[in-house]
Amino acid sequence: MCRWLAYSGTPVLLETILYKPAHSLIDQSLHSRMGVETTNGDGFGVGWYGPDLRTPAIVRDIGPAWSNRNLREIAGHVRSPLFFAHIRASTGSAVQQTNCHPFRHGSWMWMHNGAIAEFHRMRRDLALAVDPELFLDMEGSTDSELMFYLALTFGLEQDPPGAVARMAGLVERTGHEHGVEFPLQMTLAVTDGERLWGFRYSSQKASRSLFYSTQVDTLRALHPDLAFLREVSGGTRLIVSEPLGDLPGAWNAVPEGTCGVVQPEGDEMFSFAPREPALA
Amino acid sequence: MCRWLAYSGTPVLLETILYKPAHSLIDQSLHSRMGVETTNGDGFGVGWYGPDLRTPAIVRDIGPAWSNRNLREIAGHVRSPLFFAHIRASTGSAVQQTNCHPFRHGSWMWMHNGAIAEFHRMRRDLALAVDPELFLDMEGSTDSELMFYLALTFGLEQDPPGAVARMAGLVERTGHEHGVEFPLQMTLAVTDGERLWGFRYSSQKASRSLFYSTQVDTLRALHPDLAFLREVSGGTRLIVSEPLGDLPGAWNAVPEGTCGVVQPEGDEMFSFAPREPALA
Amino acid sequence: MCRWLAYSGTPVLLETILYKPAHSLIDQSLHSRMGVETTNGDGFGVGWYGPDLRTPAIVRDIGPAWSNRNLREIAGHVRSPLFFAHIRASTGSAVQQTNCHPFRHGSWMWMHNGAIAEFHRMRRDLALAVDPELFLDMEGSTDSELMFYLALTFGLEQDPPGAVARMAGLVERTGHEHGVEFPLQMTLAVTDGERLWGFRYSSQKASRSLFYSTQVDTLRALHPDLAFLREVSGGTRLIVSEPLGDLPGAWNAVPEGTCGVVQPEGDEMFSFAPREPALA
Amino acid sequence: MCRWLAYSGTPVLLETILYKPAHSLIDQSLHSRMGVETTNGDGFGVGWYGPDLRTPAIVRDIGPAWSNRNLREIAGHVRSPLFFAHIRASTGSAVQQTNCHPFRHGSWMWMHNGAIAEFHRMRRDLALAVDPELFLDMEGSTDSELMFYLALTFGLEQDPPGAVARMAGLVERTGHEHGVEFPLQMTLAVTDGERLWGFRYSSQKASRSLFYSTQVDTLRALHPDLAFLREVSGGTRLIVSEPLGDLPGAWNAVPEGTCGVVQPEGDEMFSFAPREPALA
């Protein structure tokens, strides 16, 4: 499986979030505490939005994040108000750049932790459900990328929670047709550069860990001495596979079967369940 | 496009063929004379059969062959009676190990130079024609790998020339349906570890270069002073994208629309044309 | 050998200079016209200064620049007023990240095209001349990095042209002691993030090509229709191994034995010659 | 730190030793039990002697061993009577091919687990002690490679235990001059293709783990049912950083301060201590 992190808020150097915390994502690449594997060394990726371009930059590579000097350089010199980072532990598919997260389509980014159970057997059926126009843009061989293209097929750009629900519905239906009891396991992050959606769901109701950071105002009251908290805006929010440190009150588990949205008009959380996709 | 080389005959160190000739495949990676591009630096692969295993070893990597030290080490220490080597110049698909040739299925190997015209548009239709069982094993995003799986679908293991003809027929039919006048350009090498098939064909009758080496007996008579020729068996044969040197009489162009077979019972060459595949 | 490019001026997306010109550095990685090799595919690097940090970011990798997606992403999203880019053609030393240019020490960057003749034999003597404190920071095995550390030893941070002259003097003296007639061949770019020095010199007075761009005012008068020229400041300047295009009047050869400085107080060019370093 | 394995005996497919055991070296790359780090993912190498060449082949790469397909291919197709394998956990020096073990000089191979304490500060002094002729061949930046070249300088090819003792003596003397109390920590494997030496030593008498396999005769008597033991010759021996499995009686700790030799005339073990090298 994998670990990931999504940041939205006051523009910061990526290293502030990626390297500096005690149990940073880079630390998790060697010593994950809550992941299925403690080591996440099969590639990584970081995607960020800049001040003036709608399309994010995405840098991905196939070695472990912990020893990658280019990631260190970029993190130390690039500021962003909205970025994704992902470390990969392959469950079988090839370790190659096109299998690293985040994935991009236009101004949208997508990253995933989890798996489609027995994906190997379902891959062709799911691939056929992708819009033929979009099919051409898939480059890798992961379930994660295919889930992204299914969600795009089902209207991700118009209705993210609905499109993800239909994607999940299709995966479950296809799985059941192949005799798979619990087809889907996912924590997902999706963004268009302005809003950020996080999802936690699994067919078995035993999803991988996912946390969101406490509202900055509340944290400031709890920890008036922390300079960092005075520097970031009230709307700053993190969604992470596992907490970046042990700060009391800072991290909250996303409940099972939930979608959260980080957005200028106020963050929200609501329940999430797969939905039967319209017939293809 | 790419350059490739197939060897069958007396077991030799790979370097004898890969590095030592004046215009070796490694030299061609920097200075191809007859290719579409002079530089073939987007990955490489070598596949060889050993003395006791039916399945070939395949080593592929994404950098240029000319600077790869591991390839140099392997070539200097591995002997084989039948091996493939390939250097890649990507026409757009990702530079990644799963897109490097040769490709393998069981004891079979396949490598390709050429392209399916406007592959991007035809990719989905062609992928749907692959046997669902085989579909699951495709890992990369090249036209070359897809052509291999189509040929496997059409019976490569029973009738290689027939299966390749049906694959070519499907590519041409699909191309024409998409309004592509000349859909296919290919030189191909295929082997099961005992026999070696080479193909030269293009829809436009203007195929990429392909050569085969002259019968060893004839070469010995022409060049009685060449020690190398005395050491190799009479059945030793090379098929190459471009000649490895300037030895007079050593290289012969494979004619347009031709399939050649290197085999213990005597080599053969016959004309090749696409064939309409049975309806799926 | 190699090819390089140094930019100083109005902040631009790196791609404006690295990818967009007709004969861009990326094009030169496959099709160099004036280099010793037409292919420069043995690694690359880019180093840039940002708006608020004194230390440049340096991203380097070992594959060819032409197919590197991360370089493309960075170039499309990072703006900088002062950056270096380099593509490498190894003359023998290993293809590894620590041998890729630019090299960095504190806020300084250095890149090089050329070679120390018979470097293999002189390497130890030259390494001994490096300040023991600085010795510890050398990571690679190139003559180029060693030249940088010799220049740092000789006072690069106080007097760049003097330190480079003493480095060149030491290389020539050491070469002559080893019976090498023409020990040094170099075009160099050095910067501290504010000023940019370019050097062209070779023991044989037959240096690799080096060009600087014409003053922006003059170019605007020559080409009043070019929008790009209206957008950049008068002080914008490029130093390049070979011209990025065919714009008449845009490129001027740096004369043999010359050092040029690009700086806020007005650019300068003066003659350059090696100088005997004080005895260690 | 690192983990390694040296095999000498009946020629086997490398995979028999590298992949098949329950706690194989590949498993140790993710889940080392006795190493300083559980993860050894900063590159790997394998070096083997073939049937007819004196010089070993060495294949090294910078990613983790656990996901490397080329290593899997080679291990599944290459047989050897004497081979080394090494997985690396960098203690700071660059992750690059020239820093991966084993190292080679002529027909000799060398690999190491451990470190020179505060190597950064001692590196120059130690490098100066290397024979100037040999200096030129060092390509990487590790303490391990430098230790190899010091041992070569001190006569490794004539007297391996003596040369290693003098290397260790120099490292300790140099360390003490720099105020380092415990300068050396090492387990080493050295071979000329016929004999195999293993060393376990540290200045602090708290060396990294090292084990050797029990004499095959004894093991056969203990485990008459194990087919594998009937197939290998009586002289077959493994030296490993940690046991490859839990077979009772199979593994024995190499004592502190010990050198063992695996050789046709009968294996031996004797005590090892650093020796003062003659003044340079």
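Going by the order they are written in, the chains are A, B, C and D; count residues from 1 in each one.
The criterion applied here is as follows: a contact is a pair of C-beta atoms (placed from the backbone, for glycine too) under 8 Å apart; a residue touches a chain by one contact, two chains touch by 3 or more.
Computed from a predicted model, the values in this text were never measured in an experiment.
Taking the definition of touch as given, a chain qualifies here only if it contacts subunit A and subunit C alike; those chains are B, D.
Copies subunit C and subunit D of the same chain sequence form an interface built mainly from equivalent positions, shared numbers / all numbers used being over half. Each chain gets a centre from the mean of its Cα atoms; for subunit B and subunit D, those two points are 40 Å apart. Residue positions 69, 94, 97 of subunit D are each in touch with at least two other chains. Viewed as a network of touching protein chains, the structure reduces to a complete graph with every chain in contact with every other.
Within the complex formed with subunit B, the residues of subunit D that make contact are 48, 50, 53, 56-61, 69-70, 73-74, 76-78, 97.
Within the complex formed with subunit D, the residues of subunit C that make contact are 93-94, 96-98, 120-121, 123-124, 127-128, 132, 135-136, 138-141.
Against subunit B, the residues of subunit C that register as touching in their complex are 30, 37-39, 41-42, 62-64, 67, 69, 90, 94-95.
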